[in-house]
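My structure is below; once you've seen it, I'll send some questions.
First chain written, first letter: the chains are A, B and C, and each begins at residue 1.
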Amino acid sequence: MDETVQVAVHLDEADPARMRMALNNMANLCAHYAQAGQAVAVELVANGPGLALLRADLSPLADRVAELAAGGVRFSACANTLRGISRDEGTAPVLLPAARIVPSGVVRLIELQRAGWAYLRP
Amino acid sequence: MDETVQVAVHLDEADPARMRMALNNMANLCAHYAQAGQAVAVELVANGPGLALLRADLSPLADRVAELAAGGVRFSACANTLRGISRDEGTAPVLLPAARIVPSGVVRLIELQRAGWAYLRP
Amino acid sequence: MDETVQVAVHLDEADPARMRMALNNMANLCAHYAQAGQAVAVELVANGPGLALLRADLSPLADRVAELAAGGVRFSACANTLRGISRDEGTAPVLLPAARIVPSGVVRLIELQRAGWAYLRP
């Protein structure tokens, strides 16, 4: 199989154990396909309470996010969720350097699936 | 992309925060694609404990279900789950007006995916 | 529709209620498609805390796993998770007879989706 393997990972919970699971899943995917010599694209989409993974002030796993991002994993933060946080807290949260903002987390997950990405919900 | 975007949303938990997240996800999807002038079909499939969202006596979010249904979102209640509730409680639960019954929630989710729908599990 | 219906079920939680839900989902799928005279392939992939379902010493639902396996459902245990357990507990866990080991649970879920399987995350 020559085509790039594409995987969207959905995180919408703030539970650190679930965050760790999502990151472990992505690390395992990257390791497997690297060893197999198979190109892979992995993107985590964080929305709702899951966005805490990507907040500089709250993330319990900032080092692992940075490490995975250095290995090519993309981290997408939902702008709808960010707007809600800004409204509730009175200020926009600072995100980890690895995070990039997408207009809507769920739209992103749908568009990726429509483009042939597999979906994983740890 | 001219084709209708089709999204199946799976709810099988009774946690009101999770229900609210599923409804928010669908509202965001509808708003995004409406603004983009893109046709969209969104269907929530509730089974197991998630069916509480669609029960007239238990739903914590009946108004939001009605509002989304008025905007075109479909709400499907699993008949297998309803049978279990009827057996346990001695009477069939009354559903919200927006709910329609499907023979099996999980079969519905599979058939939608087989028909090209994306899958979202908030 | 003549093609075999193919469904991958993802279990990564140790909560017995969630395990029971996953098994109920698969039983419903099998019953529906058997009645419809439609060939179906169903595989549960257990990783992380969900692997407890397939451990001989911990599974709260060993009888139901055996029953579903006798009906054709496949049960896959993640070797990455098994390695972690072996390291933590000092010994490799014994699995239920129905379980077979796959190198990586998440890779298995991705490969099944790439081969056209639907994905269900109870």
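One rule holds in what follows: contacts are C-beta pairs under 8 Å (C-beta built on N, C-alpha and C of every residue); 3 or more make two chains touch, one makes a residue touch a chain.
As the structure is a computational prediction, the values presented were derived from the model and not from experiment.
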{"item": "Type of subunit B:subunit C copy interface by residue overlap (half), same or different", "value": "different"}
{"item": "For subunit A placed onto subunit B, the superposition rotation in degrees, Cα atoms, nearest 5", "value": "120"}
{"item": "Geometric centre distance via CA averages, subunit C-subunit B, whole Å", "value": "25"}
{"item": "Overlap residues in subunit B, where contacts from two or more other chains coincide", "value": "119, 121"}
{"item": "Partner subunit A, residues of subunit B touching it in the complex", "value": "1, 5, 7, 21, 24-25, 28-29, 32-33, 118-122"}
{"item": "Interfacial residue positions of subunit A with respect to subunit B in the complex", "value": "10, 12, 47-48, 80, 103-104, 106-107, 109-110, 113-114, 119, 121"}
